[in-house]
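Each chain carries a letter (A, B, C and D) given by its place in the written order, and its residues are counted from 1.
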Amino acid sequence: MGERMFKCDTRIRVRYGETDQMGVAHHGAMVNWLEAARVDWCRKAGVPYRDVEAAGFNMAVVELQVRYLCPLFFDEEIRIETMTEKFTRKLIHFHYRVLNRDGELAAEGDTRHLVVNTDLKRVSLSAELMTRFLAGMRPDA
Amino acid sequence: MGERMFKCDTRIRVRYGETDQMGVAHHGAMVNWLEAARVDWCRKAGVPYRDVEAAGFNMAVVELQVRYLCPLFFDEEIRIETMTEKFTRKLIHFHYRVLNRDGELAAEGDTRHLVVNTDLKRVSLSAELMTRFLAGMRPDA
Amino acid sequence: MGERMFKCDTRIRVRYGETDQMGVAHHGAMVNWLEAARVDWCRKAGVPYRDVEAAGFNMAVVELQVRYLCPLFFDEEIRIETMTEKFTRKLIHFHYRVLNRDGELAAEGDTRHLVVNTDLKRVSLSAELMTRFLAGMRPDA
Amino acid sequence: MGERMFKCDTRIRVRYGETDQMGVAHHGAMVNWLEAARVDWCRKAGVPYRDVEAAGFNMAVVELQVRYLCPLFFDEEIRIETMTEKFTRKLIHFHYRVLNRDGELAAEGDTRHLVVNTDLKRVSLSAELMTRFLAGMRPDA
């Protein structure tokens, strides 16, 4: 399960417009942060998500799960650890750990994705892209 | 379990800015729609969420789960059915069914909330608010 | 100047996630509301914006201007009056008046749009779409 | 006009959820980017915006203007140059130049802000904060 070993760190700063009148980051902002972390994971694995789309594929989100453990605040720089639980040509499962500025676990998330083509039909990722992803996920990459 | 019986219908139209370059509604928009549906549920149960906040309480989201079943499109009017799975003075669980324009199930969601005060500490909803919610949730309300 | 006469009213409720930690609606939400109002204007003029896109056109925003006069609050139902200052086959200028729940002017906005094709090149709206728009904008429509 | 000399550079990457079905960044995302750039300007001028709020002040946006010159794309790293046109204890005017990945001017923006207190009433920035801002804006800072 070498693919689990590739873990990517992404730093994101909470924007003012991402807060709400409770005085903390709105829970909806998390979804955009997880996405930014996932896109960063792809880039660091050597396959920019633009390449995935350019080849005619999308990783459509079919399941989203977030557990919120402590509030995040305006201008706080958070860190997201992104890793894959499963990465096949048809189905991908990302897991995320979101740490606040003090390094405490602020949230945990999971997204499951189906590989689809531009018509949103289920397909398999091309062998070429899969090879590039697997190479990038190798522990010694 | 009378509270399960109170189900609220909310209609929402997909905004252009809620689409992404896949040509469908972005999965993150769903989180905002579920929130709008939840706020609508409170209003229709007779307790506008502003009253909850005015009394010093918030229903902080501690868990979010969405299963996406089919894409939603720009300008499509969707319908969200909102109901409670659990509604106590400390913990609330909403369940959502999101239907597309053809009445097909497009997504299912769940949000779990802890009742907190304005300092984000866990508290119990006031007896007065609880009474109003329970009255509003009665099947014959 | 018949086109100025067609004015469309759109009602929008401020979402919780559209507030920020100042306790009022975030100024960025306005941009999405003006867009929803503009899409509503097209629909009520008889030309759903989907038809514009289906015919291969987009009304790309090239200028945005908003003056914010008074704050808007969570769950407030606002009303947006949308009208055109200019509507030609190449260039469209919408003007908006945003009223708060008390009917006071809360903001004024303007957006200018260039008609582009799907490659984002400047083109002229088809005669057929233009005819439909002009018919819909007639005062007696 | 020393204050004009302090110019801050902020790099931002276009998120997937910030695109729309035209296949480019949605014009509304710009408003959030300008805000992030402004917050970055404050930090680099030596006065984190949290300090402004902690002292009981807000810089409420009263006017927003954006001219969009060329489209921005998913995952593109843009650069925003932020500078002040005017910075007084009551009124602040920021100007922004947004450059695409090729260094071309993609948009220009302006935001005007009134200094308000936590009740949203117009006030003057404290002498202490003003001193810190002016010190930070000095060309040799």
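Methods note: a contact is a pair of C-beta atoms (placed from the backbone, for glycine too) under 8 Å apart; a residue touches a chain by one contact, two chains touch by 3 or more.
These numbers were taken from a predicted model, which means no experiment stands behind them.
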item: Identity of the chain that, by mean CA position, is farthest from chain C; value: A
item: Between B-D and C-D, the pair with more C-beta contacts; value: C-D
item: Centre-to-centre distance between chain D and chain B (centres being mean Cα positions), rounded to whole Å; value: 34
item: Cα-centroid distance, chain B relative to chain C, in whole angstrom; value: 28
item: Geometric centre distance via CA averages, chain D-chain C, whole Å; value: 25
item: Of all residues in chain D, the ones touching two or more other chains; value: 16-17, 21-22, 24, 28, 31-32, 35, 74
item: Parts of chain C lying in touch with chain D, wherever the complex brings them together; value: 21-22, 24, 27-28, 30-32, 35, 53, 58, 60-69, 71, 120
item: For the chain A and chain D complex, residues of the former touching the latter; value: 13, 15-17, 31-32, 35-36, 39, 43, 48-50, 74-75
item: Chain B - residues contacting chain D, complex; value: 16-17, 19-24, 26, 28, 74
